[in-house]
Structures are given as structure tokens and as C-alpha cells.
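Two complexes are shown next, each including chain A; its partner changes from chain B in the first to chain C in the second.
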Partner chain A sequence: MTVALPRTRRKAQARRLSMLLGGVLTLAMAPLAASADSGSPAPTGSASAAADTFTIGTTTDVDSLNPFTGIDANAYEIYQLEYPTLTEYAAKDFTTVPGLATSWTESPDHTTWTYKLRDGVKWSDGQPLTSADVVYSFERVLNGQYEQTNYSAYTNDIASVSAPDATTVVFTVKRPSPIMLHLYVYILPKHIWKDISETQVKSYTNEPTPGSPTVGAGAYTVVERQTGQFVRLVANPNYYGGMPRVKNLVFRIYNNPDALGQALKKGEVDYADSLDTNVYNSLANVPGVTRVAATYSGFDEFAFNTGAALKDGTAIGNGNPALKNASFRRAVSWGVDRKTLLERVFNGYGSVGDSIIPPIYQSLHWTPTADELIGYDPVKAGQLLDAAGYKLGTNNLRTTPAGTPLSLRLLGRSDSASSTKAIQYLQGYLTQIGISSTVKLVASDALTEIIGQGNYDIFEWGWVIEPDPNYQLSTFTCGKRSYKDAGQVYADLSDSFYCNPAYDQLFAEQSGITDPVARAVIVKQMQALLYQDSPYIVYANYDDNFAYRSDRWTGFIPQPEQNGVYLFQYGTWSYSSLRPVSAAAVANSGMNLGLVGGGAVLAVLVVGGIVVLGRRRKTATSQDRE
Partner chain B sequence: MAIQSQGFGQSTHAEKRSWFRRNRDLSKFVLAKLGGGVLTLLFVVIFNFFLFRMMPGDPVGLYNRGRNQDPVQLAKLRAALNRPIWDQFVTYMRNPFAETIDSTRFSRPVWGLIGDRLWPTVLLVGTAIVLASIIGVWIGIRAGWTPGGRFDRISTGFTLILYSMPEFWLGLVLLIVFAVGAFGIPGLFPTGGMISPGLSGGSLRGVLDTGWHLALPCLTLTLVYLAEYSLIMRASVVDELGQDYLTTARAKGLLDSDVRRRHAVPNALLPTMTLIFMNLGFVVGGAITVETVYSWPGLGLLSYDAIKGPDIPLLQAAFLLFSFAVIIANVTADLLYAYLDPRVRP
Partner chain C sequence: MSAGNSQTGMQSGREVARARRSANRRRLRRAFLAHRGGRWGLGILIFFVALALFAPLLFNRATLSVIHATGLPYQHPSFQYPLGTDESGRSVLARLAWGTRVSLVVGCAATVISMVLGTAVGILGGHFRGPVDTVLNGLSNWFLVIPFLPLAVVMATVLGPSMLNIIIVIGVTSWPGTARIIRAQTLSVEGRPYLERAKALGGSDTHQMVKHVLPNVMPLVLANTTLTVAIAILAETSLSFLGLGNPLEPSWGGILDDAFSNGAVSLGAWWYVLSPGVCVVLVVIAFTLIGRALEQILDPRQSVVA
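Our next item is the complex of A and B:
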């Protein structure tokens, strides 16, 4: 998705921040939690217990239901449930598979792409979905300034779009473009959206009102939203993939990860997404709950300031000049123990990192050979530093080739427990190889600014990578370095200021190859180049930890096939096949605790009122006597 | 109140004249208080504008985080925000409550967002303050009437312990015990939220369901707030204990409970009344920690999210609302105090 950055950083941030608070709470609560009754069925008052409702607990709210406005990962999960796309990513291995389009062909001269749509598809309100809707959706993005912001990554190469007949869509492209295989622009119903002007769309919420659900063509449509509480969707009977078996889908927002864990224990939610390690561990051995540490598309890295500069090459910032030297960076990389970091920072949930395209994308991921591998070897790191002229001084600390003291400034994110830990480990590793350093923790937002200005030596952060590698690869091109506007320097995507003409050349080449296999060859070359030049030390590919009620639900389809995530995928594979384990498993006691509980609260108030009134009457008589 | 209504039975001419004079003084007093309130409001409106413009950060960067904006568009947006500060100030002062101001995070008008969250917060914190003040005052009276007695020792100890507990911790304990179920107690209440999906807040079921969701967060807040009221009430009751008028009341042959209720309590209630009204001003501010533990969709949480951004338009609006509420509550308390306590009145 276009939103690679926010998916990343936002999700990771929220997860880690709550870890900080969660740690304290879980420690304090451990004895209580252990004795908590866990297997009891949920009351019907919470919709989740009903056989026809599947409740997903998350810790972030949906920022907007309008696909032109929303940025957060949860919002995209709902968009893809609601609106179809031309093609989809396979659950098995992220290859391109039919979505709304059943087939597509690129003209031999690479100038046009023709998509054949499914026949007889209907919107949830019964109106036919035709090529006119597809053309409308793409033109809205192509012609709308605001509409472009979320989707221009998919439409930048498109010159025009037309519909020769009701089930055919033809795109002409400005240049050969592999992105045409992953057009993740949501197809919207023209008969609804044509009434929303370009000025109105900015504040359009796309929220349902009672009795009129939003109109979509995906597996579900949104019927109810309570800001800060939940979003409820119902199965779309007109879905071209067949109506899902579970009628209601509820995304419930928990502001506190511990409460989310408790809700899963109790059975008030059926699926708890992106859990902190503490909460995840506390759910071990809970009857009926299965935990999954799934491979995820995110990595965390130590990034070097490889020589901060603007796009035009003008140097900025105050990075240590030693870091401009690739062999110096490689030497530092030899001094970092990735295995221990994974163990200590991520509790072992994940795999040791190497390249910027994570192994979850098998066809694109590059793995170093035994010869190329940079492992953990402080002695070798020391030798490499000696060779580069950074000799050990009398105090066991290295000096620059000019003989001046060498010290690096390390920056971690104060709002992330993992970042705080990792950067302190790095300081230890640097000391081990004779490099002195200082650690400073700053808030993520502040760090973004510091990086953009080039005022750092090394920082710790992470990315989440989408199946198409273009966006991630672009962050190392010269053109993505910071830029100047009205005398002020602003950050672009590059946060290591890596700039290598050979890399840029390969980048341009891969972005014009439409054959996935041929493209992958170049993408791997680029990763090998980055690994050698080490602008980043990718130290861990962390897992996505989640848990669900396996005593009630089954039929999830992981993506990828091998130990993949069940929900929040690139696609909506699990939702169509999800089903109760048995009718009995999700049945409940039949007593409605919502009504009983509400009634009890009301009764307490009424009885309290009567008592107070009664007392007043009694005192009134004593007044009379006075 | 007993004191206030004295002397109006048979008014002589002279008394009437003094009543008019007093009335004129009173309106002067009221006007002065209101004027002070308005000035404070004005100061807050102005201060609020400059406060958030001193915050670090790049609002445009936040708004476009991860979006594919071309630099020309970004420059346009920045230019709109980089207008001369004086120019911005004039626009702002023309209508600080303009509906056109959008939140950067939610891309929706800020006052709409705040409106959505206001009712849940008022419901939660308002109910808790009302309950805590009623129960707290009752405990304070009982405890203060026989200081050092068993009830006093137990209640003072108990409320102090609750007062010193971190709200989120107490909230989580109650959640685990009463929502999930522990120690043989079944999980009777929901773990979070304000209403179950599929129910309308207007229907009877919806109202009952909201009450059910409200129970635990409200209990948590009430328990934490209790001590504030009970301790102050206790202290003022103790102050009244040795007063001559109580001896007189007893000499008239009144029951001990009547002496307490009709003579001691009305006089002892004054400081507590002030406290209650001051706290009512903070109702809209919400209770961030309890709202977090119980995922209650209130204003406290919204403003906390806004600070993380920072979502400056939203913060600005939220702060305006909070300060207005506090100032209005304080002015009301001032005026009410004059009504309740003639010594304050001119």
C-alpha cells in the first residue's frame, strides 16, 4: 500500500508504547490474573458470543472510514473488506491473483493494460458493478488533488483509463510499470460517490447511518460506527466471492492492551491483534485460547548517517564523518550481536535480520551467502577498524585517523520500549570494539525532524514492508534525501542519506520491468549492494503476536502459507472461510447479562433513591415534633 | 437555608430600604464576579492561541505522514500555515470556535469530534462526582460527628487508601475481578466500551446496556474521589462541634441527629460545596487513566491522543473547552457561595 510508512511506524509505535505501560501493569497484576477464571463463556450482552458474530479486539481506532482520508492500518483492513480491487495478493505467497478482474494482459509494446472484470457483480445495494465504476474510481484519483494523496503510488504511471464495454477496462501507461500488477486502488460505487464533490470529499466521513449501511462490493459492508468504541460490519450477500459464513464482524477498540488480553480470556473478543509480549505471555495456558507468533513484514534497524545532504548534494547536518566510510560501517556491523538483540529486545519472537526486504517475501528476499554474511565477531570488527585507521588509544578507545577522539551519538525512541533497549545494547557493542558513544532518547516525532536535518550519527527505528518492493527500495535513492523549501530543510523518505549512482540505476531499471521474475533478480542485486555498503544494520525481523479463541473459531487462512498472519493481511482471505468450530462452541447460557446487569444498576439507583426518600420522610416527622 | 431566610417576615420601611441597597450591592458583586470571569476567558482565548504555536513539530508533516504528496502541494500547505502570526491571530480571534477548523489526525471538524466525546465524559465523570460527593459527604458527617470513633477510624483509613491508589491500577483490579471474574466471582460486567454493538443509545435496552458498561469505570472513579469529599466534610463538621449554637440547639431538646442535620451540617457544608463546584468544572476534562483502562470513548482520551500527534487544532479546541468549563464552574461557585454564606455577601 501507499501507506507503507504509517503502517510501519504507527503500528510499531503503538505496540511498543503500550509495552512500556503494559510491563508495569502485568507485573502488578500477575497474581490476580493467574487466578482469574478464564474459560467462562461470554454473555450475550457483548455481541461476540452470538454464533453469528466474530469480534476482533485492536488497540487503535480507525482514523477515518473514507478511503481517501484514512491512514492507519485498521482503516485499511476495513477498506479492503468493503471495496474490491482489480487484483489481489495470494494468501500462499503474495503473488498476484484475480480480484474483481479475472484476467489481465499487457500489450506487447508495454503501453496498454487490459483487465477483464467478473460478470454480473453487484454492489451491496443491488446495483450492478461495471467497468464504469472502475473507470470512475481511477479517474477520481487521477484527477483529484486530494484523492491522489493516498493512491498516487499506483496511478503515477497511468496516462488514461477507459471502458470499451461493461466488463473491460483499458489503461494506457506512460512507461512500462510493474505496479500495474498491484493496483490497490479501491473500486467505489459511482452512483454514491459521484454526489460527493472534490471539496466535500475532504470532510466526508463515509459512515453509515441507522438503516442505511455503506455501499460496497467486498465481503462485508459497514453498518455501524461508534467513534472510539467499535466498527460493525455485516456480510454482503452480493459478494462475488460468496457471502461469508459469519454474519457480523465487529472491530472493538481497547485503549489498554491488558484489558484486551483480559477480554480475550473472558471471551468478549474472539481475536486479539498485535499483542505486547507481556500480554501475549500472560495468555499462555489459557484454555480455549491459541497464541500465534506469526512471521511479519517488519524489521528494526540501526541506521547510519552516511553523509547527510539535500537531493542536490548540498551537505547538511552534523553527522560524524567516520560514518561516510562504508568499511567503517561494515566494521561496526561485525560488532553487533543480532541473535542476542532478537532474544533480549523481542523476547526471541522473530528472526535475525539481514536485508531490507524481509524473508516473508520469499521471491524477493535476498539472503547473504556464507562468504557475504556479516556475523558477530568483535575481534574481526576491531581488525577492520584498525585497517581503516581507527586505532585503539591508551584508554582502550579508538581515535580517528587524524588522531582526534572518536565518539558517536546514538538516538533511540523514548516512546518505544524495544528501541530504548536496543540502543543501549548497541552502546555496549560499540564499547566492546573501542568506540565511545552517547545515548539519547527522543520522541518519535522529534526523531523524524532530527533525522531530516541530518543531525545524528546512528538511530534505531523500523519499517514495515509491503509486497511491492518499490517504496522500500526508493528510500535509499539519492532523490529521496531531504529537500529545501522556502529556506527550510524538510525530511523526505531517506533516513540514512545513502546515495549511490549504481544503486539508483538499478532502481530505475527494476521499476520498469513488468515480469516479476526478471524484476526480482535486480531487486536482489540492490539488496546485496545495500548489505555490503551497510547504511542500515537490519538486526531483527520481528513477529506479529496475536491470539484467538480456538475453542470457538476455525478456518483461518494464513498469509503467507508458512506461519503467516491470520487477519490484517494483504487481502481478506480468512474472513471468507472463517467459521465456528461447532454450533455448540459459540452458543451461550442464554441469559442476557447486558439486560440483567443494566437492570441491576438501575435497581440499585432506584432502591437507593427510595431509601433516601424514606429517610427524608422519617426526618420530616421528627421536624414536626420539634 | 435557615440563615438566609431570617428577617423577611415583617419588614419595616427601614428594612426595605436597606434591602434595596443590599440588592444594589449584590448586583454590583455579581457583575464584578461575572466581569472577572469574562476577562479570564478572554485571556485564555488569547493565551491558547500562542501556547500551541510555540510547540515544536511540523504539522504538515504530521498531516501527510506517509502520504504521497508532491513537494508543490506540501509547499502550498506549509504556506497556508506559515502565514504571518498576526494574520493568523486575527482569523482566530474572529471566531475561536469556527466550525471549519479540521483535526489533522481525523480530518474532521474539531468541534464535531469533541461533541462526540463530550457526552460519554460528562456521563462518566459527572456521575462519579455526584455519587462521590453524596457518599463522601455522608461519610464525612458520620465520621466528623464522633471523631476518633470506630466509624471515623475505619472510614478515614479506607478512603485514604482508596485515594492513594493509582486510578489505573484500581481500575484494572476491578476489571479483572468483576469483568473477567476471579476468586469465584463471576465476570458480570463488560471489559470496556460504552454500548454493545447493534444497540441504539435511545432505546431502553441501549440505556440499560450503557448503565451496565458504566458501572465499573464509574465505581473506580467514585472510590478514588470519595476521600476528597469525606475528609473535607469531616474536618468542617469537627470544626463546628464545640460551637455555642449547637449547645443551644441541644438545650432546646432536639435529638442529637436533628442537631447534626439541621444545625451543624448546613454550616459545615460550605467548603464542600466549593469543592464540588470546582470539580464540576473538571468534569469535561475527563479522566484519562480510567478512560484508558475501560476504553471509555471520552474527551480525556481524545486529548491524550491529540498531544501525541500533536494534533494542534484539536488540542487548541480541547484546551479552550477545558478552560471555559473550569472558569464557568468557578464563577458559579463564587456566586453560589455568596448565596449560601452571608458573610461573603456585600
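Our next item is the complex of A and C:
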């Protein structure tokens, strides 16, 4: 669920610095916390082994429990556990399936959408959930300023929302819009949130107080949170999908990937999310642990500054003019060995990247044909560069067509091990084809700023793509380039400053088509266009590596069906069916234990026998001597 | 006539001083070489300095590039790779050798900043006393009470990751200890009769500080320098390990940082984690041994050199 935030990365990044600073803060605040929370028990401890608590280990904390504030993937996992949405994404293939709404219809003139809600749904505190709550939640976003940040992508096309009766909601749309099938706006309890004003909501934590859990209508509600340590949820008996079998759910935060791996080994956690690939490798052959490298919806890319400009076309920044030339970018793309990058940067977990819609979304992903494919061929890259006028100089380095030296500035993210690595590989590949470059590493926040101003040549980063392609496709439209406000340049979504009227036209066309099949045709056309123009070199679709205690838990539902993720999905499918392994399986493992025990006894007997024999022989010889 | 006389007098004075100084140096060298710890420290240090100097001859810099890595990731130590390989298949030994250069340069450069700052503040405070001393002493006390690491972390974050910035950060955060020692020594030197004489003869403040106080506190500065280098190298390693150094410069701390962020611990790649750590420990021990030896030799109370 990385809708509103550009560039959310689920992948765990070891950030010892933040951990250190966090540690300092925690120490400083420990006395305060102790006095405030004395008497509140630790969440699980050894209780993790109990069948009614499922503990998930992660390396990133939940940034906020307020769905209008949080941007972190962990936070969205908790929101979707707490709050329902009108429709959901199927576990099998991401198609739209009923959520809180059981059915929906678009009027023949494409101007209104009518949703029928489930009957008799209750909030966790027993209050009825009606269409009034739905209207309230949408109006809060439509009329809000702050509330827009995370959800405007869904509500931009909505003109108004009304409730003719308690189980019907009607939306009027400004234009035909496919996003109406994916309205991921959380339905909040009006009776709680109406008391939180527009200004209060900015600092509202939405955290539970002892004895009163947060009110929701999803599978779980939050009962306890300790910043930087854990979030505890408890099953909601009023959940319309049926109360989940596992009573307690704990998200426990670990400071580094190694610690998380150890915690899983020891059985402190039941599920370790987003594991570092090396830690993942080290968990092979651990008894009781099953590892999964699931197909994920993220990719990493090298992005070019294709000519930084504002929305209105005013040039900004200091990008190298060579990169404005699509054939130059394509030539560079021929010089990049994506296969080695995947192997060395992601330990081979994932697939070689090509298009900006990852292959996990089968119906939308575009694959280049053999003719269209840009592979790894430094010789061909050199020929293309020669043809474009970038000839090799005396020192084996290329010069611009004007004869001046050519050098590119490469930016990597200092807070990401994979980015630091990948950018060094790129520098090597550029040297191979005669392009000199300098590498600089900056923090992610600083990089966003630099990109927005257009002061870069190439940078390394990644995106996580949601099932609806609109958001991702929009990042390459002219209208998403930076903008100026009060003399200051601000970044918008575009980070390559790609601007192509033909692309924009296709974008407008697809965003008005509500038939998924017809829309996919145009979406693929757009990807083909981007692939040839190469504003990005998408080098890897990385996997989500996780592991869980298969000796204790079973019943996960992967999304998508084929090699999908178990948790942190678009939806909460696994949580409803998750259960401890059956008594039969336990007996089975008991039998194994018996076998092991028997083996041990046998070994003792054999070794003992040998020792005794040896002794006898010794005694015999000594007696012989006498 | 009188001018000529005084000139010859001064010249002979200079000669006497020069001769005395060179005799002192010889004595110092002898005493140092007689000191067992000092010998060991010097030996280790010479080894690492040689490694740093000859790194370009021993290991081609190109092998440090990830795309020209010759080995496979995480290979155990072997004849070809005496200290194994890292996550990209590069020789850990080659990275260490090149890292020696960075670590030593950063350590020494930061120490120079720290010593110059510390000595200047110490002498100025001890010489002028009064309000100047109060301000300077207050400043060094202020720096002393701030824990080093958080201050360095904040500064390094603000300045950004580069070798120069790390040098500056360590330099400007590690001088107050030196300043205090030098100030104390200055106070004791200032109490000696010949300074009173210099003052009476109308010697300027600069003359007193540079010609009389500085040479007298110099041995202390020297001993302190070697100890500070050890601390500076350790600080550089810590900061690089925390990801605040320039990851593209192969310093020891940077290698440790790479090892930790690439799961070397979980995979049991001990050669990758252990070797930079051992190098740091050895160099720090070397500098400490040398520093302690110098301290013992130069400290009149311990009077190895009479």
C-alpha cells in the first residue's frame, strides 16, 4: 500500500545511524516512559510460542497509526487490518472483489457509481457501520487539506458522494474513471473521528489508551503500542469476515536484519518480513523455518535527467545535455549488465527488469520482443555512441559532438546498501563504454530535493507499484514535472523530467477507460514507448524475501496465487485463515523427537561399548605383561 | 663593534642550542629504542605505513571496482585470496591495503587539526589568563562535557559524507583534552624565572609564547599527538561504520560497514569482519605504545632521560 508516497521502499535498509540516534533518544526518555507506563505488561515475551499470538518481526517501525499521516508500508498494513475499504484486491490475481461493498455499478453515462454495502456490519465497539460512515470518510478527504495528502489519488475524479439509504453510497464523478474500482480510502468510524478537527488531525496519533482499543471494523484493532518496540492488535469479534482464529497479533521491531534473522531462529518471532538477502540465505536449513522469495511489486532503476524543466517547460537545473538525447540514453542502456546487477545487488532474488510495470501484474506488464529488447552489449553501446557523435578521445574517454570532455554525475542513496552497490556497478559499466563519471552518495531525503531541482545526471532509486497503474504512469507525464511556487522550485512526481506529448495523450486516454482489457492495451503501448525512449533503465524487479516458523503456523494465502507474498499484501487475506499447525502435526514432530532420543541412546550404547571394550583390552595387556 | 660582538654571541648561542638539541634527539632516539613497548609500536606502525605506501604496487586499484572483481562473493581465505572475498567478489586483503591509506591519512590529518587547535587554545589560555582564559577554558570544558560520538555524528550528518569532512569533524571534536594538558603545562612553564626575565626584558606576548612556552610544551604535544592519532583512527572507523564516511573510499571502518550491511555476520564470513577490526586494533595499539613510551621518556618525573 504505497499509494500516496512516491518511492516508498519496503525493503529493509540497515540504518545503524538512525538506530544509534534512536537508542540515544530511548535512553534519554526511558525514565519518562517508565513513569508513564509503569504497570503496562510487555506484549508477548515467551507467549509468542502460544497458539493465540502471532508475532511478526520487521526492521522498520510504524511511522504513525493515523491513516492520514502514516506513509510507511508497515503503517498501511495496520490500517488495512483496522479499517475496511469498499472494494479489495483478490488474493489470486489482484482483480477487484467485494470488500465492505458487496456490489457496485457504473451508470451507463459513466457519471455515477453506486455501491451496495453489507448489511448489519458493526464497529468493534458495537456501533452500527452505515453508509453515513462511508460518506463521512470520503467527504473528510474531499473537503480536507491535510487529509488529501495520502488519498487524493483516489478522490481526484470524485465530484460528490451521497447516501440515499443506510446501505447505499452514490458517487458522482467528474469524468469516466477506472480508479472507482480501486477506492482504497479507509472507512473510519464517524462517531469517533467527527470530534477530531482539521487542525487536530495533523497531530492526532490514533493510538489506543490502556483499556480502550482503537475502534475499527477490520479483522483486528490496535490495543497497545510502544514506539520503536511493538504494536499489538487483538481480533475484532464484530469483523464482517468472521473473527480471525488467532487472537493476538504483534508487530515487533528489530534494529537490524541480523537480529531479526536470529529472532526467527530462536522462535522469538513467527514471521520475519523483508529479510536482507544475505540473512535470508543464512536461514537455509534451519529446522522449523520455511523461507519464501516471493515475487514483489517493486523495481529499482537508474533514472536519467532527460532535460529538467518546470510544468510550463521552463528549463531548470544543470543536467548534462547529452542525456536529452534518447539515442544516447539507449546506448547507455545497452552497456548495463542487468543480469550481473540482479545477481550481485539482490543476490539473484528477483528478475531482470525491463518495464515500469512489474511482471507481477501479468495483465498490465509489457515484455519487449526479441527485436525490441535492450540487452547487455558494450560493443553495440559503443557503436551507438559513435553514431550519436560521442567519439572516443585519446584517453579512451568519449567527448561530446562539440569535442568537449563528457562526464556524468551519478547519485546513489547513502542509506541503502543496494543503492550504494548498484551505483558503483553503473560507474564501472560507464567506464567500459568510455564514459567518465563521478559517484556521490546522498541521503534519500536530500536526493528527493536534488532531483526536484534537476541538479543531477543519473541517480539510482526504486518504486513500489500498486495494482492500479495510473499513479506510476503519471510520473512520466509533462504535468508531473517540478513546479514553482513563490519563486521556489518544488518537486512533483516526475523524477526523469520525461515529457512526450504522444505519451501524455495515451495517458489521458487510459485514465478514462473503465474496461480493464481495453485499458491494458494502451498501458502496454505506453510502456513500449518508455522502453524505447529510456528515461529509466529498470534493472531489477526484486523479490520480497521472508521466512516464517512453519513448525508452528500454517494457512497463509499468497498474493498473487503464484509465488506471491504471504503478509503485507494488498488486503489482509492471510490473517483470516492463519492457524497453528494441527495437533496431528505436533504429534508427528513428537515422534521425530522420539526417534532422535532413540538415536541418542543407541549412540551412547555404541560409544560406551567401544570404551568398555578398549578398557578391557588395556587391562588385558597390562595383566599379560605382569 | 658592539653590534658585531652581540652577533657572534648570538650565533654561538644558537650553535650551542643546536648542538644541545641534536644531542637531546640522539638521547631520545636511544632511550626510545631501549623501550620495549616503543620498539613494538614502531615496528607495527612501520609495517602499516609500508603497506599503505606500497598498496598501489601490490594491488591494482582496478580490482577494487565492483565490475572487475575477480572472485566469487564470500569466498573463504585461500592462496589466491589470503583474506577471502567480499560480497562482490573483491579481495578483502586488497581492500584492506588500500584502506590503510585512508585510515592513516584521516587519522593523522585529524590529529594535526586537533593538535594545532588544542595547543593554540592551551597556550593562549595559560599565557593570558584572565578573561581570555575564562572564555577558552569554558569553551574546552563545553566541548569536553559533550559526548564525542553524538556531536561527531551530528556534525558529520550536517557536513555530508566525504573524507575531508570526516577529518574536520574528528579534528574539531577531539582537541579539548590536549588543550587542558597544554594549558596546565603552560601555567607551570610560565611560573619559571626565565619567563619572568623575558617579560622584564620586554619580550612580546608572541615572543614569550612561541620562543619560550612552545618549545617547553612541545614534548608533551608530541606524546599527546601519538595518543590522539590512535583515538582519531578509532573515531574514523566508528563514523565510517555508522555510515557517515564516504563509502566509496575504502577505509577500514567502511569495510566493516559493508560487511555488516551485507550480512557477513549472519553468513559467518569471519574473514570479512575480523580483518579490518584486527588492523584497527593493531594500529591503535602501535600508536598507544609509541605514545606511552615517549611520555615516559619525556616526562622529567619519570626521568628516563636525565
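We take it that the second predicted complex is superposed on the first by the 538 of 626 C-alpha atoms of A that agree within 3 Å, B and C clash if a C-alpha of one lies under 4 Å from a C-alpha of the other, contacts with A are read in each partner's own complex, and residues count from 1 in each chain.
In the analysis below, a contact is a pair of C-beta atoms (placed from the backbone, for glycine too) under 8 Å apart; a residue touches a chain by one contact, two chains touch by 3 or more.
Keep in mind that this is a model prediction, so the values were computed, not measured.
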Touching partner for A:441 - first (chain B), second (chain C), both, neither: second
A:485 touches, of chain B and chain C: first, second, both or neither? first
First (chain B), second (chain C), both or neither touched by A:549: neither
Touching partner for A:425 - first (chain B), second (chain C), both, neither: second
First, second, both or neither for A:150, with chain B first and chain C second: first
Touched partner set for A:258, first chain B, second chain C, both or neither: both
Greater residue coverage of chain A in the superposed arrangement, chain B or chain C: B
Residues of chain A at both interfaces, chain B in one complex, chain C in the other: 256, 258
Of all residues in chain C, those that touch chain A in their complex: 65-68, 73, 87-89, 150, 153, 157, 160-161, 241-244, 246-248, 258, 260-268
Sites on chain B touched by chain A in the complex: 56-58, 61-62, 64-71, 73-75, 78-79, 82, 102, 105-109, 113, 116-117, 168-169, 172-173, 175-177, 179-184, 186-198, 200, 205, 207-212, 214-215, 254-255, 257-258, 261-262, 291-295, 297-298, 301-302, 309-310
Residue numbers on chain A that touch chain C, as the complex places them: 14-17, 20-21, 24, 256-258, 261, 276-279, 281-282, 337, 340, 344, 414-415, 417, 420-421, 424-425, 427-429, 431-432, 439, 441-442
Residues of chain A that touch chain B when the two form their complex: 2-7, 9-10, 25, 28-29, 32-33, 35-38, 40, 45-47, 53, 63-64, 66, 69, 71, 145, 148-153, 202-203, 205, 210, 224, 226-230, 232, 248, 250, 252-256, 258-259, 262-263, 265-266, 268, 445-446, 448-449, 483, 485-486, 490-491, 593-595, 597-599, 601-602, 619, 622-623, 626
